[in-house]
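Quick heads-up: structures coming right below.
Two complexes come next, and they have one chain in common, chain A, joined by chain B in the first and chain C in the second.
And now, the complex of A and B:
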């Protein structure tokens, strides 16, 4: 139980104004920020610096800790590294030649600029998403998605996944523990069986977990039927956003749009 | 309140689960359903709100026979609580779960909110609205599971082994809760001490048939009868 909650729940408890903000506002602002990052042209260093400063200022006000956010965001770096090929494929002034047997890799300035921009922009985007999940309960993110008219079925799938992921992880961990407890060895004998046999055992465990989850889903469905479910998902409608919240959205959106536009034309 | 007449049920694989069950449960009457595993207790409970439909015989709830047209009203009348609260509580938060039933009854939102708060208050879980079921103890989840049907204001509660797996304090709390609720109840259980405390009437199921139906004292005091049905003396 401890493992599943600490690794999956990214929420960090706090009383900051960022925590108190409506989830819809936070979600929209985070999306606007990520969109702006995607639109910033390569080499727009000022734009990137201003965006970073803006984000970090918000992080500092959120009680989450800049360090936490920045280090957690490194998780996404390996994915951004895929862009490393750009360094050698974009045409431009050569800055470095790496001989590789019969081939020569030529790094260009344009390529390097593109690569560094992508890494920085994705790093910042991930930070924005992390700030959202660190200051907003996942259930509130779900409310926000529903309020922003993501189809009900998708929201329901997400919320069931979130609800039962923990249950499944617990179930899986109990099975692993049970296997551990019976993985004994006699003195002077090599235990553990062949790799083939062990792989078979793991396969059976996965199968069992699937069957249990499948049976659970049937029980859940019966529980839903018992309380009047008829195929249509009903929820309480969200309250309207206050004028302050609308203003905040407007200011935030305009700021990000401004940063992108200025980066293009200056 | 609840009337079962000559109820029979055979599983698709041919196993006879229920055979000629006759039961009448009055308004506010609390009935314990006991018997060994596989005796048909859960199958019987699933019939009470029409999840399983009887192959022969009839069930009426508050005067209405269970049929396609009445099934929605029946489900509002009979609050079914399953044994594993992880099956019962399928929403991300406690509030959503307790609101599920009332929302599907088509009530307006003000009313729904009021019902959620009242139901949580009844089971002593006020203040847990925003909590996630995963972060709560089994006893707390069982209470919330009961609140999820109380919010539909049913006339009958059908509970499947509510005290199974609870520690003594949570079990005590549950027993007090069941005693305090005014609804009629049909509760399947192996907990004979709880039967003695909460239920004036006991129905023993054995191999899909009603083997005993009468005052709980009569069976709890009869060692031979308890022995015969594999039950424990409280």
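And now, the complex of A and C:
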């Protein structure tokens, strides 16, 4: 069994208008959305609700499934643990006291507001990024990045990395499986050596993987040479954005700016 | 749930998602990252022949896959590689930076490991700082130890461990400047990563030893250092600056951390805040721009201004350091790479 692209790649095929949208527009709008989320002040519940409604409406139009996006977005939530402490460290009106030995943890309203805001904003940001990935081929994202003036070298490295990512992951999976096959364990007894020894084994696997990757890159280069590669990656230069796409960018950006401004001053 | 998901779940501790960094912090680190990548692209651009594009792309895929090779540690947790130090030691600093930056960017763009606004910070923490450290500390260490087998083990281990700690410290610093509680974030991050760093060190050492003993010609940068004539040369000024610089950084970091680490319980910090002496207790760095606002102004504009001023200060520092390092990194790596190229 090898891992096919479909189990790893988060792209979800579809024919929706969101899928059809130019990758540059989607990338910029996703960035604008994430920036707006970061700029929203803590406790701007209306702003957060409006942004969520907006995003979910787009998700529904994209036909990738609201549930898929929402549940996948939980991936980043463990990080919220880092922010939990805000509840107890921000000064404000105490709402709960937890005695803890010699100390008393005091939860404050300001802290709770800050914590819940951060978690919600982060959750929505992840959803926006997920929507981008789910409706845009990675090659199109790369095309968008090049159009937005990412250096050519980086685009080239990224596209090679993407192309061989799944090959190398398969290679790694095979090595893991081979190790598993050789790691019999008696019931009730701990198999394998010390942690140091296990780390050493993984290190040798990493070394082997490095050699295989290096040799593969040499073969790739030779294959490219034999097909006439002269050191220059030829690509179609990006077309200009149509007026509809420009309008969409403008409207999207203005909406997000509006939500942020209204949250600050109302 | 497949293996890759699992491995990535473990690595999440250092991938900052969007929403946790304040906008000035996120933008400041984007600027730093863009500058460093710009320098790396320029450094490598001169020597970049068409062969290195597929090489670096495949190397990024390799690091990505290598992060998935894990081993059980205790109670269901597993150790695995981050790879920054290894990449720098095998490929040189600039190629290492580019490869690691691409790995972190791919993780964010493909798998949402780490946010897009926070990507600048994530690339800097896990890509740039680890690769830079791997080379500018690892290489001089290798030479100080004289190319013995134990020297490779010691230098590789120390470098890999340090790279994880520096990445964790940077992550904590960014989170703390963004307003999270230093008393919790720092000790928790550093404590956990002290152990993750040990795993990183062990894997890195074994991988280096494997490559050096099977295909010494491939460990381009390492082979340059491990050859007898390279070892006979005295440690040059640039390497000393590299090691001293990192040493100073670590010392400064420790000085900054010590008052925070001792005040770990939340309750204590809460008391401090009630009594209003927390700002004073935090020391000089935070007094420069108290609470990230400009005195005499308030509101979001002041925060953003303060962010920009802070950014300029950091920028000036990093630019100065990069100028120091630049003059020498160039001659050395290029020479080695072209040397080995003609050899194969």
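Here is the rule we go by: the second predicted complex is superposed on the first by the 220 of 266 C-alpha atoms of A that agree within 3 Å, B and C clash if a C-alpha of one lies under 4 Å from a C-alpha of the other, contacts with A are read in each partner's own complex, and residues count from 1 in each chain.
Methods note: a residue touches a chain if its C-beta (ideal position, glycine included) is under 8 Å from a C-beta of that chain, and two chains touch if they have at least 3 such contacts.
Note that this is a predicted model, so its numbers are computed, not measured.
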- Is A:64 contacted by the first partner chain B, the second partner chain C, both or neither? neither
- Report for A:216: first if it touches chain B alone, second if chain C alone, otherwise both or neither. both
- Task: Applying the touch criterion given at the start, work out whether A:162 contacts chain B, chain C, both or neither, answering first, second, both or neither.
- Result: both
- Message: Counting residues of chain A touched by each partner, does chain B or chain C come out ahead?
- Response: C
- Query: First (chain B), second (chain C), both or neither: which does A:237 touch?
  - Reply: first
- Kindly classify A:32 by the partners it touches after superposition: chain B alone (first), chain C alone (second), both, or neither? neither
- Task: Tell me which partner A:78 touches in the superposition: chain B (first), chain C (second), both or neither.
- Result: second
- Message: Touch test for A:228: chain B only (first), chain C only (second), both, or neither?
- Response: first
- Task: May I ask you to decide whether A:201 touches chain B, chain C, both, or neither, giving the answer as first, second, both or neither?
- Result: second
- Item | First (chain B), second (chain C), both or neither touched by A:139 | first
- Pick out the shared contact residues on chain A: the ones touching chain B in one complex and chain C in the other. 138, 159-160, 162-164, 167, 216, 220, 224, 229-230
- Enumerate the contact residues on chain B facing chain A in the complex. 46, 49, 51, 72, 75-76, 80, 82, 84, 86-93, 96, 99-101, 103-105, 109, 112-113, 130, 132-135, 148-149, 152
- Message: Show me the residue ranges of chain A that touch chain B in the complex, using the header's touch definition.
- Response: 5, 137-139, 142, 159-160, 162-164, 166-167, 216, 219-220, 222-230, 234-237
- Contacts from chain A onto chain C in the complex sit at residues 3, 7-10, 30-31, 34-35, 37-39, 41, 72-73, 75-76, 78-79, 82-83, 85-86, 88-89, 91, 100, 102-106, 114, 118-119, 121-126, 129-130, 133, 138, 141, 151, 153-154, 156-165, 167-169, 171-173, 175-176, 192, 195-196, 198-211, 213-214, 216-218, 220-221, 224, 229-233, 264
- Complex contacts: residues of chain C adjacent to chain A: 2-4, 9, 12-13, 15-23, 26, 37-38, 41, 44-45, 48-51, 53-62, 64-66, 68-73, 79-81, 86, 90, 98-99, 101-103, 105-106, 108-113, 115-117, 175, 179-181, 183-185, 188, 199, 202-211, 214-215, 218, 265-270, 273-274, 300
